[in-house]
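Next come the structures, one after another.
Same chain, two partners: chain A is paired with chain B first, then with chain C.
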Partner chain A sequence: MKNQANPWLTSNLLVLGLGMLPAMLLVGALLYFTAWAFAFSFTDLALVGRKAVEWSWVGFENYERLFTRRGFLESLWTTVIFVFFSAIVGQSVLGFLLAAALRGSASSIRSVVEVCIMLGWLLPDIVAAFLWSATTNQTGLINQLIVVPLGFPPINLINDYALPVVTIANIWKGTAWSYLLFSAALDSISREVVEAAKVDGATPFQRIWLVMLPIIRPHIATNMLFITIWTFTYFPLIFAMTGGGPGTQTQTLAVYLYLQSFSRGNLGYGSAISVAMLVIVGVLSLFYLRLLREPK
Partner chain B sequence: MAEVSLRGIRKSYGNLEVVHGVDLDIASGEFVVFVGPSGCGKSTLLRMIAGLEPISGGEISIGGRVVNDVPSPQRGIAMVFQSYALYPHMSVYDNMAFGLKLAKTPKEEVDTRVREAARILQIEDYLDRMPKALSGGQRQRVAIGRAIVRNPQVFLFDEPLSNLDASLRAQTRIEIAKLHETLDATMIYVTHDQVEAMTLADRIVVLNAGRIEQVGTPLELYRNPVNTFVAGFIANQRMNFLDVTLDANRMLTNSPKLRQLIEGRAGVRTIGIRPEHVTLASPERADLTGTLAVIEQFGEYALAYVEIGTGDLMTIKLDGAPDLQLHQPIHMAIPSEALHLFDEAGRALR
Partner chain C sequence: MEANPAHSRLTAIALAFMAVIWVSPFSWLFLNAFNTASTGQLEIPSAVGLDNFAQAVSGNAGRQFLNSMLIAAGTATLSVVIGIAAAYPLSRLKIPGRNAFLWTLVLLRMLPSAGVLVPLYFAAQRGGLLNQFGVIIALTILNLPFTLLLLKNFFDTVPIELEEAAYVEGASLFQIVTKIVLPMSRAGIAVVWFFSFTGAWNEFLLPLIFARVQDAFPMSVGLYAAFGQQGAVDYGFLAAYSIIYAAPAVGVYFLLRRNMNTGFAGVGVKG
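Entry: the complex of A and B
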């Protein structure tokens, strides 16, 4: 009974083995890299020099450094701010508001807005980073079009307000995902339920807050899960825009990890950072997965 | 309780007008049913009364007050939707209490009213359940309960029974009739099921393509349909329409009685005969003769489809379980008072 669906596959172990090979290779590779990072987080392996070959076990030293040396905790804080404002507040809320606002509007307006936000999403990170740097620097478009004509001295936005600029750039880049997900979620809400709330006397705000949001709560949790993980480990846009600077102002964990591992060459320490990131993201995921569950 | 009146109500979507000027007066406490084929504008009309759809023209008043620009919650209406439209994330109790809570009704009063409605509808045992855990019939009761607690002047129902199976539909239909009796509220009920219309309505409004065809009590519509549309729509078994101008219709003109009737009235184009008014007769007393093409036995009655030479089959309804052979002649008597005559445009001739 059980194997009737595909008797040819299951009756032939060799074919079955071959069929599973890609999946097994993938799982194997994932395990290998994770195990590699985990193992080397207990060593002083370096990228170049003597310790690249003659590394030794150092126990929990790398993990102690996470908390005792400057760098990791600051980067963690920067990352939290970056994730909170660009992903959770920015992309999610903006994406939801756009989806809610465009739900009832004419399809032409909707198409135009959709194309605009999709452009941000589809543009390669490096190109986007270049555009944002060029727009926000001392001689950039914002200064030329707004600041200078208003009679103020030009501001080097990307230097003076690096984290906000990077945050806004990421909102611009990532809102499309949340928008698409929330659009689909809102479309799945029955029109009659919303109308029932209207007849029951709910204001537009109450309809959203008390009826629509609770109904799409699983979608919200899914969205949070995805964008938090992505943003937490997001690297190219920030690195290409600021390289983590000025100073360490935009040094998120991903940038810090890169700098430690490949500029400083501390692969062992870098591995410890990546393991720590893995743990943090894992804990966040568990939290969101709980949200996904039905309330009792 | 309140009367509802519609004056020249129109509705357009863009350039497309779907409701073309509807005038209707509904008395306080009356049970009015809108019937009509799919797409005729029943829901649109109801939704305009509910305030869910802007009105393109005309005037709606409820309880003597023009409500064109009054938002739904203040119109004193409650609506029961086809899909029940329960809030999926709230318990049955909260579903029913939602409107009252929004209106900042004191907690004790909310509780009294919800429990009272639950008692009427016999859903007291489910108050803590989520809608997901209810059957279709139970959900429909909750939806009706949610309407009752609002204590509206006018109840609006949009095909509330169409998602239920046949037996549950019959049962819920009776409950709605009882509810109307108990609450004594004005009710407007949309359906495309003529059985619901006939059994529930004080008055039926037959709609077709955005216009009212006829308004009247169920029996008025059954006895005196003003045109072929209403005649064909209001009945359990569809009325037979015989085209008298067809020359092929020899059978018909061979009948002296029918012929006399037709020739006695100018402009007759169609004769309408309800299946239940036809009886079997001996050959010499027959008004019409044909051959039996199909017979459907229901035990309590049978529907016989008779070939009478017009191309269409004529349906006749016979009591009991008549023993008839296929392809044998059928002799039918038709009382002349049961005939409906219609002119070229399908209007009834009296």
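Entry: the complex of A and C
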């Protein structure tokens, strides 16, 4: 094929192959571990105790438990709410609005706002969790600045409104990604197209809705794909802020999976949860990829 | 772009408001970190000093900083080196199905890492790798699909004509790669290194399970363990510790900021 034209490649196939070897070994390990996780989901393997050694195959029992016992479906619902409000509504919409607003702003404003937003994204998950616990507790910033001056008794937000608080914390943390992606997307729209729409008398709203959004549709789908999947499996922030509590209010699937696998030690059941998550994520990805491919 | 000055002023005010909201949670962090008599309250410090920072770089905390550095730099460098060695052939040789293969890997990595952690844990336990080195290898395995895909995309943008010209001039494969391909995709490599570095620096779950003793904790686990303890919590120390923990990830970003947009273009367009 075309390789014939590239003698520095064809004469060094062995070297190139050797270069690929370490990566292929690690990829092989990844596939192997994934297959193993899949196999575990059909066993009653435990982290400690008798069943850590003498485990046995239990067929689809773990998968039945997903639907018959409390926990999984509840966590799935919590996850759906968390993903919908923090990623799809919060991060995407806010990220897009920011990108659109900053597009026409002076570069100094643009860099200041950009840096502020990026700080949330760059901050390690555990620090963000620590920060938001401190901001939303009874003596925190929100109580001291808003609730108490308005004459209300201080509210322990992180305890009383746990799910909204972690949702907001995740919006705070993740908006930068959507912003950067949309900002790059909007930069790729030629000014002439927007100007032409303006000359034809389109309002700003029409310019965004009818001109810009259709052009950047692939970017929207890409963004949705990434943030949905990330948020769906996002673990450290919620776990460090609430540990899934109070009760099971913020127990998303990722937290549920961790608690079942490593606190309760039910590795078999935990694997079934992660396989179920993989299936859900896979279906969502296919949906978004179709959205991405579909012609105008 | 907007012709209407009142409108653009309104936008500017809204943006400024957003920026203030966005940074406001940091107030607590800085007020407590520099307060030598911190009580965890949000208040103007009565005594300002750097004692908390001194405490946060010595002893156990300093050790955890080194652990995090080792894990993050080790993972990033290993990922990039292994990634480059495989991504260049993947980019240049017409191996059938390579793109489908890479995308499958990336989708595979979308599975919650806690799922793969169970077998990883068992393998590491059997191989005696429940330590920093094990964490580095495990993170490299988990990183590799993204690394390969991104690096291949960057190598794809290097025009092959340059390599042809160099070959005609008598350059060897090694020279072509080190003198042409790598310098031309420097921005991309920096981005990939940065992503791996911050990813490993922030990683919490894997070291939480792998690191059994306090000496081996990286900062993420150390911070979690410290603020998980109820009772007499030293908030000033924790705030200073958080700032030190956050600094490298933030700092590396600003160092590489110019390269970042290039990197994002690669992610977005190829999506």
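Convention: the second predicted complex is superposed on the first by the 279 of 296 C-alpha atoms of A that agree within 3 Å, B and C clash if a C-alpha of one lies under 4 Å from a C-alpha of the other, contacts with A are read in each partner's own complex, and residues count from 1 in each chain.
Everything below uses one rule, namely that a contact is a pair of C-beta atoms (placed from the backbone, for glycine too) under 8 Å apart; a residue touches a chain by one contact, two chains touch by 3 or more.
Keep in mind that what you see is a predicted model, and the values were worked out from it rather than measured.
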Superposition on chain A - do chain B and chain C clash or fit: fit
Degrees between the directions from chain A toward chain B and toward chain C, using C-alpha centres, nearest 10: 80
More chain A residues in contact - chain B or chain C: C
Partner chain(s) touched by A:229 [first = chain B, second = chain C, both, neither]: second
Which superposed partner A:154 touches (first chain B, second chain C, both, neither): neither
Touching partner for A:19 - first (chain B), second (chain C), both, neither: second
Touching partner for A:245 - first (chain B), second (chain C), both, neither: neither
First (chain B), second (chain C), both or neither touched by A:112: second
Partner chain in contact with A:265 - chain B first, chain C second, else both or neither: neither
Three-chain overlay, closest Cα atoms of chain B and chain C, distance in Å: 6
Residues of chain A touching chain B in the complex: 190, 192-193, 195-202, 206, 210-211, 214-215, 217
Complex contact set, residues of chain C against chain A: 1-2, 8, 11-12, 14-16, 18-19, 22-29, 40-42, 82-83, 85-86, 88-90, 92-94, 105, 107-120, 123, 140-142, 144-145, 148, 160, 163-164, 167, 171-173, 176, 198, 201-202, 204-205, 209, 219-220, 223-224, 227, 238, 242, 245-246, 249-250, 253, 260-261, 264-265, 267-268, 271
Interface residues, chain A side, partner chain C - complex: 1-3, 5-9, 11-13, 15-17, 19-20, 22-24, 26-27, 29-34, 36-37, 40, 98, 101-105, 109, 112-113, 116-120, 122-127, 130-135, 139-141, 144, 172, 180-181, 184-185, 194, 204, 218-219, 221-222, 225-226, 229, 233, 235-236, 240, 253-254, 257-258, 261-262, 267, 270-271, 273-275, 277-278, 281-282, 285, 292
Partner chain A, residues of chain B touching it in the complex: 50-52, 72-73, 77-79, 81-83, 85-89, 98-99, 102-103, 146, 150
